[in-house]
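Each of the next two complexes has chain A plus one more chain, namely chain B in the first and chain C in the second.
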Partner chain A sequence: MDTLFSIATVEAGIRLGLPVALAALGAIINERSGVLNLGLEGMMLSGALGGYIVNDATGSPWIGLLAGLLVGALTGGVFAGLVVTFRTSQVVTGIAFTIVAIAATTYLFQLRWDIGELPPRVERLGMWPLVALTLVCVAGVWFLFRRTTLGLTISAVGESPESADALGYNVVLIRWMATIAGGALAGLGGAVLVNGPLGLFIEEVTAGRGWVALALVVFAGWRPVPAVAGAFLFGLCDAAQLRLQGTATEVPYEVFLALPYVVTLIALVVRARRSHTPAALGDPYVRGAS
Partner chain B sequence: MTDSDTRQPAPSVTPSPKSTWPPKLDGWLDAVARRATAEGILSSILVPLVSALAALVVGGVLIAIDGVNPLSVYGAILQGVFTKSRGFSYTATVATPLVLIGVGYALAYRARVFTIGGEGQYLVGAVAGTAVVTAGGVGDLPRVVLIVVGLGAAIVAGALWGGLAGVLANRFGASIVISTLMLSFIGDSLLQWAVRDGIRDPDSYNANSRPISAAALPSFFGQKTHLGFLFALVLVPIAWWLIRRHRWGFRIDARGHNPGTLNANEFSSARVTLSVLVVAGGLAGLAGMVETTGVNVRLGQEASVGYGWDAIIVALIGRLHPLGVLVAGLGMAGLTIGFESAQRQFELPSSLVSLITAFVIIFVVWGDAIAARWKESR
Partner chain C sequence: MRSVSRRFGETVALDGVDFEARPGEIHALLGANGAGKTTLMRILAGLDSPDAGTVEVFGQRIEHFEPGPIRALGVALVQQHFTLVPTLTASENLVLARPEGALLPPGRTAGARVRRLVEQFGLEVRDGVPASQLSVGERQRLEILRALDADAKILLLDEPTAVLTDVEAERLLGVARALADQGRALVVITHRLAEVEACDRVTVLREGIEAISDGAVGGYTRADLASAMIGTDTSGTITARTTRRTEAGPVCLRVRDVSLGRVSSLSLDIGEGEIVGIAGVDGNGQSELEAALSGRSAAESGEVSISGESIAAGDPRSRRAQGLAYIPSDRYSWGLIGPMDLSDNLELGRVLPIRPNRPARHKAARPSLDHWDVRTAGPHAKTSSLSGGNAQKLVLARELDEHPSAVLACYPTRGLDPEAADTVATRLVAAAEAGCAVLWIGAELDELLAVSDRIEVLYDGTLFGPYLPPFDRAAIGLAMAGDAADRARTATGGEPGPP
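Then we have the complex of A and B:
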């Protein structure tokens, strides 16, 4: 157990928490505007592959991160087109979107690198620049919702699109922008995962982290700072699990494998009653329908 | 809702005439037409069909980009399913868990209960069933008893796993999408622990359970297709009957359209939520055990192959209708099996088939939205 409580575990926890934190921030922007983004996992995965391919081609992890951001924004745009403009069911579209993204990234990856061929390790970024990047994003999202009119407008659209529309705000446009911004952050999260200390893309590399991020948003009551704290907690569990896997201990390592999900489940139960769920979350907006 | 019409006799001034056979043709045609439009023939058959074709075209373009003639690939897929002796047998085997879990999803989605926890319930069912049939001292029991007890344990475990999400939703208002997802991940951890430690075969080097040979499901005609496929085939008409003719199915649809109606009639919509999650969970648990005892010899770490996720696609493409789920499940299984041989022959990426099925679902979602707009504009 000595190895469990060490600086290295905490460091690994931070490292593993960063992508989840970024994706959770993206989900907050989405959901505050009333768009439930169950495609988050798929957007993260798309950003991860985009970031990996561009980094591999250019040799620069920073350009890789930028590519992840752009790919994420693009997927966000496609999602917005479906759920905001075509008003498809957000739950079904989100799940379908993730399924497509998993299949598409695996396909592109298999097309590029044959089975058996070892995909190259790309240039990696250290942990601290990524921590700085994440902190900038947290501060940005916090500032957006606490200090700007735009943030207030986004929240208004998520709480009562009818009222926002009556006040002259363009609900469709704002939801489009929020969905694209959320997708961009999720894509960045995926790129951070791949261009960070890992330096490698494998099939389904995000391994459900996008879903965890979605759950964290509920846990955090749609506020950015608690969401990032939750992401760090998830990272710690993940790190503990990885550390215990090789060693024989009294506590099976699978407990730590399940722990983040158990914690999320408990948080879901404790939080749900007094949560600050955006009132119009999941509802497509049809002008003059109600 | 045509069903509600048939259930409550309309108050009539004149005594209703005795039913005659054959029924008057125009009246019968009218009823057929009404039923068809109530379900929406456009969205129930045309949208999935066009979506499947469109996805195959997109897949064809991708195959062509890869430098292979798509027609010969699709030809090989058809050949793999219909002309090879084992083709249909394998297809039925793969379709079995898809249909079992898919019908459960379909019932839940009809009630607008969006569970995505089939994978976890499948794994928990497999673990519980395997634990029972490989426990010490049960080996002497007759095979029939062992099979029934194993499947029963799996159904109960899956139902509990699904029901837990229902309780969390009803009592605490927890989102079912997120809670069933978390329970799926926890179920996978449970499987990992079970085969590594809990019910591990001490004589095996690999992390897996003892062989379940004593509880193995019988198979048909010396083929690979096992008894589980019969379960799936029987389940379809039962589910259909429940939806069309039973009170429970009526309540499911009522909750799906407006949960307030149920509560206004002093029937708790929470009970529908819970019951539908329990049933869907039980079916997924059954699928897990059926797969373990029908196809595999042991339960291993690799038991999570994603049937629980694929069945979501099957339920949606099958339009939440049991028969549709059966057709969609067979279609998806056929594509998978046929593609397996075509893929080796033409050296295509193995993920192409999941990409094509994923495109079907996106096109269905998109097509529904377009159909809805088209209806609005008329």
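Then we have the complex of A and C:
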């Protein structure tokens, strides 16, 4: 058990928390504008693959991160087109989006590297640059919602789109921007996962971290700082379970695998009852419909 | 605005309306429900666009009806449904409406902006709490402050006093006068005569047409305005009853001191075989009365009884069991389930634990559908496929087939074509003649005049009446616009209505 409570565990926890934190920040921007993004997992995964391929091709993990960001923004744009402009059901579209993204990334990955072939490990970034990057993003999102007119506008659109519309704001445009920004951060999160702690891509590499990020957003009441704190709680549990798997106990290792998800779920149940959901979350906006 | 027209599907909301607001004046826009007042104002604010006609603001013709550019010209609409963002405080709402650059101002500066406006215009609003926690009056004042903050030159107030207490309403009209004196143009939408008297000019809309166009308020009596608002032609779409009861039978439906929301301590007796019409402009307590009597909401106090037997408050099931049938104002929300077929909807409320198979259910439904003249492809048709009239007849079939002893009919002919409306009215009259007590809450005075044995006017949660046949149309119209309430207040030595 000595290895469990060590600096190494904490460091691993931070590394594993970073992608979740970034995805959660993306989801916050998204959902504060009233767009429920159940495609987050898919956007992370797309960003992860984009980041991996570009890093492999260029040898630069930084360019890999940039690629993840752009791929994420692109997926966010596609999602915005569907749910904001064509007003498809946000729940169904989000889930379908994730399923398609899992299939598509697997397919694209296998086009490049045959099954059984060992995909190359790519150059990895150290922990501290990524921590710095994430902190910049947290500060940015915090600043956006606390101190800028744009952030206030995004919140207004998510709370009361008809009010924002009556004041002359373009609800559709703002939701588009928020969805693209959310996708970009989710994609960045995916790219951080493969260009940071892992250094390689495998099928479904995100392993539900997008869903965890979505739960954390609810847990954090759509506020960036608690969401990031929650992401590191998740990361710590994830790191702890990796350590615990290595120790000889009578508990089956599947229990440890489930640990981070269980802790997230409990935190969610305990905290979420008090949080305020953006009132228009999940509702497409049609002028004069309400 | 010149010859503005707007249709919604079959309904003509506005038919060639001219309207002018002048600086320094308060212009009252008077009309009953559905007269087109709100549509006219939404067009002027850019939230809707006219099918025909032109709108000019300070000589500039509006080509694209979008709220942003029209706001920039100085037009602000304070809607009945407030458009504040409920989670934001007063200062945040002001910043949202008129940002000062890309960064939010620090809390202190934003707070100072609210205080300055509050002092300047005398409209008190608390800052620092989310708008959702402000009182209705405060929210309205904040909406007005927000419009003034944007230096609105033309201020449109849609039923501003509907949600206010008398004192607040009076203060608001005082503020409106002060704003007009500063050279702004104000438009106040209302259905209250007392408020029209506080204005300079008046336009009366009736069914999308101007009954009085841009007249000086002083030139009209209350009776003129009331008759312009409700019309004088008595040719309603509904065939009038040939016989009326002169004496009501024993009391069947008894409402005692019922209070809920706007409705305060309302009492009413309806005899067997009697139709009592509740006239009044929407929003005077009709929806609360409907909710309390149907059992959708429990009344705050009071009692409803049927043939001497009290109905448990807020319990629709016992209400049904005791023989009070309910024809809801919104038949699609509270009356029918659209995706289910006709036979299923007919059975709602009396479904057996184990149901007969589908063909048997369909067969059982057929006589009832024929009897009530529900025109449809058959019992298997989806209820959502029915026209408004047939849907309403389906509700009648379900509610009246059980031979209730009383019927609560809320706007039973709303949205129906004349033929269907007439059928529905005839059926309700037939139910009354069979001994049923009918409470008919209606919006169209003509149909109430055609069917009722007695009319009561609901104004501001209180009943005024009774009015008995032969009905005095003008007197009922005045009561609907608040004249009877104003008189009652004066008589009891209370505060007169808003000046």
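Assume the second predicted complex is superposed on the first by the 282 of 290 C-alpha atoms of A that agree within 3 Å, B and C clash if a C-alpha of one lies under 4 Å from a C-alpha of the other, contacts with A are read in each partner's own complex, and residues count from 1 in each chain.
Assume a contact is a pair of C-beta atoms (placed from the backbone, for glycine too) under 8 Å apart; a residue touches a chain by one contact, two chains touch by 3 or more.
These figures come from a predicted structure and were not determined experimentally.
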{"item": "First (chain B), second (chain C), both or neither touched by A:Val225", "value": "neither"}
{"item": "First, second, both or neither for A:Val100, with chain B first and chain C second", "value": "first"}
{"item": "First (chain B), second (chain C), both or neither touched by A:Glu162", "value": "second"}
{"item": "Touched partner set for A:Ala279, first chain B, second chain C, both or neither", "value": "second"}
{"item": "Of chain B and chain C, the chain that contacts the larger number of chain A residues", "value": "B"}
{"item": "Partner chain in contact with A:Leu152 - chain B first, chain C second, else both or neither", "value": "second"}
{"item": "Which superposed partner A:Arg287 touches (first chain B, second chain C, both, neither)", "value": "second"}
{"item": "Partner chain in contact with A:Pro252 - chain B first, chain C second, else both or neither", "value": "first"}
{"item": "Complex contacts: residues of chain A adjacent to chain C", "value": "146-153, 155-156, 159-160, 162-169, 276, 279, 287-288"}
{"item": "Chain C - residues contacting chain A, complex", "value": "45, 47-48, 66-69, 71-72, 77, 79, 81, 83-88, 92, 95-97, 99-104"}
{"item": "Chain A partner contacts - residues on chain B that touch it in the complex", "value": "62, 66, 114, 116, 168, 172-175, 177-179, 181-183, 185-186, 189-190, 192-193, 196-197, 309, 312-313, 316, 349-352, 354-355, 357-359, 361-362, 365-366, 368-370, 372-373"}
{"item": "In the complex with chain B, residue positions of chain A that touch it", "value": "38, 82, 86-89, 91-93, 95-97, 99-100, 102-104, 106-107, 110-111, 115, 203, 208, 211, 214-215, 218, 252, 254-255, 257-258, 261-262, 264-265, 268-270, 272-273"}
